[in-house]
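Here the chain labels run A, B, C, D and E in written order, and each chain numbers its own residues starting at 1.
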Amino acid sequence: MELIWDGIREAARLWWAGDAQIIEITLRTLAISSAATALALVVGIPLGAVLALRRFWGRGLLVASVNTGMGMPPVVIGLLVALVLWRSGPLGGLDQIYTPTAMVIAQLLLSLPMVVGFSLASIQSINPRLIGQMWAMGANRWQVLWLLIRETRLGLLAAVMAGFGAAISEVGASLQVGGNLAGETRVLTTAMVLETGRGNFEVAIALGVVLVVLAFAVNIILTAVQQRRFIT
Amino acid sequence: MELIWDGIREAARLWWAGDAQIIEITLRTLAISSAATALALVVGIPLGAVLALRRFWGRGLLVASVNTGMGMPPVVIGLLVALVLWRSGPLGGLDQIYTPTAMVIAQLLLSLPMVVGFSLASIQSINPRLIGQMWAMGANRWQVLWLLIRETRLGLLAAVMAGFGAAISEVGASLQVGGNLAGETRVLTTAMVLETGRGNFEVAIALGVVLVVLAFAVNIILTAVQQRRFIT
Amino acid sequence: ASGINEDELILATTTSLNDSGLLDDLAPIFESETGVSVKIISVGTGAALRMGAEGDADVLLTHAPEAERALVENGDVSSRTLVAYNDFVIVGPPDDPAGVAGMRDVSAALRQIAAHGASGAEDAAAFASRGDDSGTHKKEIALWTEAGLAPSFDTDDWYEEVGQGMSATLTVANQRGAYTLTDRGTYLALSADIADLVPLVEGDARLLNFYSVMEVDGGKGRINSEAAAAFREFLLRSDIQAMIGDYLRAEYGRSLFIPAGGETESAVAERARAE
Amino acid sequence: MTGSDAHLQVRDLSVQRGGVEVLDIGEIDIPRGQVTVVIGPNGCGKSTLLGALQLVLHPTRGELLLDGAPMSADPVGTRRRMSAAFQEPLLLSMSVQSNVELPLRLRGVGRDQRRRAADLWLERFGVAHLADRHARQLSGGEAQRVSLARAFASQPEVMLLDEPFAGVDAPTRAGLIADFAQILSVTRPTTVLVTHDRDEALRLGDYAVLLIDGRVRQTGEPLDVFDHPLDREVAEFVGMDNVIERSRWPWRIAAGGGYVCVRSEQLSLSRGSGAVVRQVELIGPMVSVSVDVDGVSLAAQVSRPQWSAIGVGVGDEVAVCADAEAIHIIAAEDERSG
Amino acid sequence: MTGSDAHLQVRDLSVQRGGVEVLDIGEIDIPRGQVTVVIGPNGCGKSTLLGALQLVLHPTRGELLLDGAPMSADPVGTRRRMSAAFQEPLLLSMSVQSNVELPLRLRGVGRDQRRRAADLWLERFGVAHLADRHARQLSGGEAQRVSLARAFASQPEVMLLDEPFAGVDAPTRAGLIADFAQILSVTRPTTVLVTHDRDEALRLGDYAVLLIDGRVRQTGEPLDVFDHPLDREVAEFVGMDNVIERSRWPWRIAAGGGYVCVRSEQLSLSRGSGAVVRQVELIGPMVSVSVDVDGVSLAAQVSRPQWSAIGVGVGDEVAVCADAEAIHIIAAEDERSG
């Protein structure tokens, strides 16, 4: 147990000392995971809305695939992205393997199902007559989407947080497609794995603490937004 | 790309041949992740309901913690559980490190925030007057919980799937607390990591295929339940 | 002491050894002979040694002589015995831009790689380091030091720290057309999937890779010292030593591990230099 | 009404809900600048018709025309020429003010103009004091009024209102109906109004469409529909509480099939004989009396003072007189079609 | 009414919504086995009162008693002796049948008995054919009826009904009100009924509670509350369309402060002089006439035949006569309190 305290103390020390490496890793983590989450939202919410509101052939299968996506192991995603980006792969010529871009792609694929799945669930839980009212008020397709997002912000913010959580906490895919290269693609989780393997449990915990504090800060903000407008 | 085909063929072959080991690993995976998910549901849904319906001091902080939990990296959870269960840890005397029980605990901790977070979001999205109607009909506390679960099954099933997905796809914590012991704690994800490390990419992909098929099957069933009662 | 689980033995070992699959063959034999089940925990070298120091494992099997000796000096382990050895190889792209193929002097080869990497030549190849404090990484650092260099990812563009296990590092090197230092076992296991890497520098006695077994000190409490001792004995037994020597020999045409039960490192190195 | 007066036209419309056809309409012409009231029993398809006109429910067959052009050609453009207040006040979770401004905002109207329009209509519907309230924090009637203000604020060509005054308290309702008539007479949007209230239909409606079981059963001036139903079912729906087979009608009348209908309030009672009082019930200021004339049971309604003036009780005799003008005769099915 | 007759008692109750006190009630006694109608303008707190009685809204102060015992002692037990149909038909997403059975199911009633009760009440409310329909697939009026059936099916001691007939079509509503009166007279549950409809209040109510702005302003027999309002505001609410300052009242009347009130339908018009017709409006079968008597504007209402019999138009003179019984005088504030 005292290891945990050591870890927390170590985290405080590293930040206090302004350790260049940890700051760099933290910023990189934030940048990659935010980019992945933002992309996942842009693609995922409209997709969730379409799945929620339109009936079409193959929809059921698609919904099940989205849900399966939530249980898709990061290692599998990582492997698939790697196979595509490896030199021998179809997009090998782009030279994107072991770059932050590759990591954004992998994390996007990981968080997308979360975002789609929860957008779907929360938009489906809106009274369909209220959606009729939105159209009736003269909203076009994008305005309806905007109103749906407004109405379901409770559920969607949960989706944002799950998506961001999936992206930032993930390690398997980041290792595979990022390579955990020092100074290039090392993020908090991959650094943690490394330190754990090195037996530096304190440092690993310190990195974990940083990650959790980071996630917590993001969540405090999002939760404040989420809960602000909730009225009994 | 051809690796993937080899993997799929290998997966088919292993299953066709009734490979005892892969069947055993699959069943173990299912058992551990189902147990963890079931526990997460039993604990998480009531917790989510309480967070959704009651106002109390510290609630906001709790909600933010739950949301942060969704972004908790499996490696952190694994390390924390390991620190507790290791011989040198406070519960070392229970001799539960490197057992399925330890894995269930770690996966429970991973999926619990998902379940709580999404129960919370979906119960909050119910019309508060409808909840008033439930009480007015003479429901007691548990009956109200039951009715809430019925009403929010769309959202809750998404929560179940996310929780199960988090549990079954996770690898970092399972490795740390399970140890990937053949015949004891080896599950599909940890076996995948091992085979990848050994250079047996086809086998790793085959295991991934089995995992995805498994998750898909579970989700087809849950999605059918989820979408069955949805009416425009 | 009380509370010891007599029926199980926790063996902490390194990923590269576990990935070879050797222990999966040996453990069942030990289990059937003694009735003690072996829990093989495969982690990074650093983590394995740390588990020993904390008393979270009963027996260790690793390949980082310097770090192991520190454990002995600290009294964390009560014994350290050589079990087997094999060798490290510098692998790299077949076109070998630094031109080190066939060199026997590791130090010279490393200097040449560094120089060519730093030259900024168009075909300059990187060197991929494990960067994870594993036995292999420690060996690599020792070799650089011996060559009078101390490359770092911060200052040297051609030097990459992967921070992952051996197979991941080989994959990265393969993709990037980089040089790297690898243990022979992992290289052989992966060779089918890393066609863009070939062995370039090998045979220097400094490239030997020693695997030792250590019994964790019984004073740490709840250590199954009896089984740990039995496991050490077991590994040194001649029939088991022979099995180690034969492991996968048929497949690769050479021994993956050369038995050296109970010998000293210097003796083995002497013998190798003589060959 | 000729086709050229029609602002909205419904042609051969069929709408399904839950896989069942609930609306099957040959044609309806909604006159421009007038109020068309849609009446009919619960579940007859009134809201479905409004939903179809709003292009929110998708018909399986048929055409909807606005100014002679098919609505489906430009759904969003069409919807922006209309506005709707549905049966439930479907407000979005934002402030009352934002709700009322929303249709204008969706049309790209500037902030100031939106604000002015919202203020005006919130004021007119008596909910200006609630402008900053969150829409979930309203009483039933308040929400209803906000929903109405929202429908009016965009000052559309066409307004579709589904029971707009249900849930509004009686004096406000009376006031709103008066205002409403006045507002409509000034701005003259084409209005389609669903209502269950006869007074409302008569007071506001220029034209009435009566639906039963998803089909148009009668159209015309509201008073005409209420007073001259075309068949027995319609007669019962419009509140003819006496629908008697023509052959059993106790008074002299040209022979024939079909039914004789008269409202209870149009049968007058007086001291005299010819009928026996069977049952007397006080309904507010009125007295509902059930009498028996030659074995036929008739319902009559008189004011309390009138009843006390007659001064009889159950079992006593009274004289019953039906105003000839108030009596409506429904021809027998075969005679009608013939 | 003495305390011993009271089934439900409200004592010193204060309820807040959105941080504002919206209900502040000294005391109300709800008589056992009778129908208490709660009336008042939109937003006056009627639904809030019902919510408090159902223990769904939590008061900041005060006590609620059922049979003299505090309800809060056993909320679930108390709720199971009551049932409620709220203003919106809050149905759960299950079949209509399951919705109606649900309160019984929650009370542990067996399947057969539940089924019988549900069948009976669905039938009575005319929605038996919808039993297997999902509750989301109903028209507005259908949902309203299902919600009523659900409230009745558990046959509670106390029923709380919030505008139960809003949205129900006119003939069905008439039928339900008749049925309702009969059902209530047989099973005699204590009923609290919120309504905006004067007829409904008079027809069904034994006792009336009038709320304005969250406070009880008048209680008593419904007809008495409607005909004898205690103050100007209540007078306006109960539909006295002529509320004239006593000093300006054109006819002879004992001097004093306060107001004279009379309903438009209780001012009769006849050929003659004394008043000038200012405005004439047809409202269905009635004619609403605005006349000017000595500079005071009065509203009168006569039937169409009566109006044609008088045969005058705007600007002409008529005679106006107010039935002495129909005139109600509200004493001035100071005189009342004195």
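Here are some notes:
The rule we apply is simple: a residue touches a chain if its C-beta (ideal position, glycine included) is under 8 Å from a C-beta of that chain, and two chains touch if they have at least 3 such contacts.
Because the structure is a prediction, the values reported are computed rather than measured.
Contact with subunit C and subunit E alike is made by B. The set of chains touching subunit A and also touching subunit C is given as B. By number of C-beta pairs in contact, B-E leads over the other of B-C and B-E. The mean-CA centres of subunit B and subunit C are about 36 angstrom from one another, to the nearest whole unit.
If each chain is reduced to the centroid of its CA atoms, subunit B and subunit E end up 54 Å from each other. Rounded to a whole number, the gap between the C-alpha centres of subunit D and subunit E is 22 angstrom. Between the Cα centres of subunit C and subunit D there is a gap of 88 Å.
Shared contact sites, meaning residues of subunit E that touch two or more other chains, fall at 18, 88, 134, 136-137.
Taken residue by residue, subunit A touches two or more other chains at 128, 196, 201, 231, whereas all remaining positions touch fewer.
For subunit C, residues that reach two or more other chains under the stated contact definition are 15, 165.
Pairwise, the chains that make contact are A-B, A-C, A-D, B-C, B-E, D-E. Within the complex, the subunit A residues that touch subunit C are 86-87, 97-98, 175-176, 179-184, 186, 190-191, 194, 196-201. Chain contact summary for the complex, subunit D toward subunit E: residues 17-18, 40-43, 47-48, 87-88, 133-134, 137-142, 144-145, 162-163, 166-174, 196-199, 202-203, 223, 226, 236-237, 239, 265, 283-285, 305, 323. By the touch rule above, subunit A contacts subunit D in their complex via residues 127, 129-130, 132-140, 143, 147, 150-151, 229, 231.
Every residue of subunit A that touches subunit B in the complex is listed here, in rising order: 1, 3-4, 55, 60, 63-65, 67-68, 70-76, 79-80, 83-84, 89-90, 114, 117-118, 120-122, 124-125, 128, 152, 154-155, 157-158, 161-162, 164-166, 168-172, 188-189, 192-193, 196, 201, 204-205, 208, 211-212, 215-216, 218-220, 222-224, 226-227, 230, 232.
Residues 51, 54-57, 76, 79-80, 82-84, 86, 88, 90, 92-94, 102-103, 106-107, 134, 136-137, 150, 154, 160 of subunit D touch subunit A in their complex.
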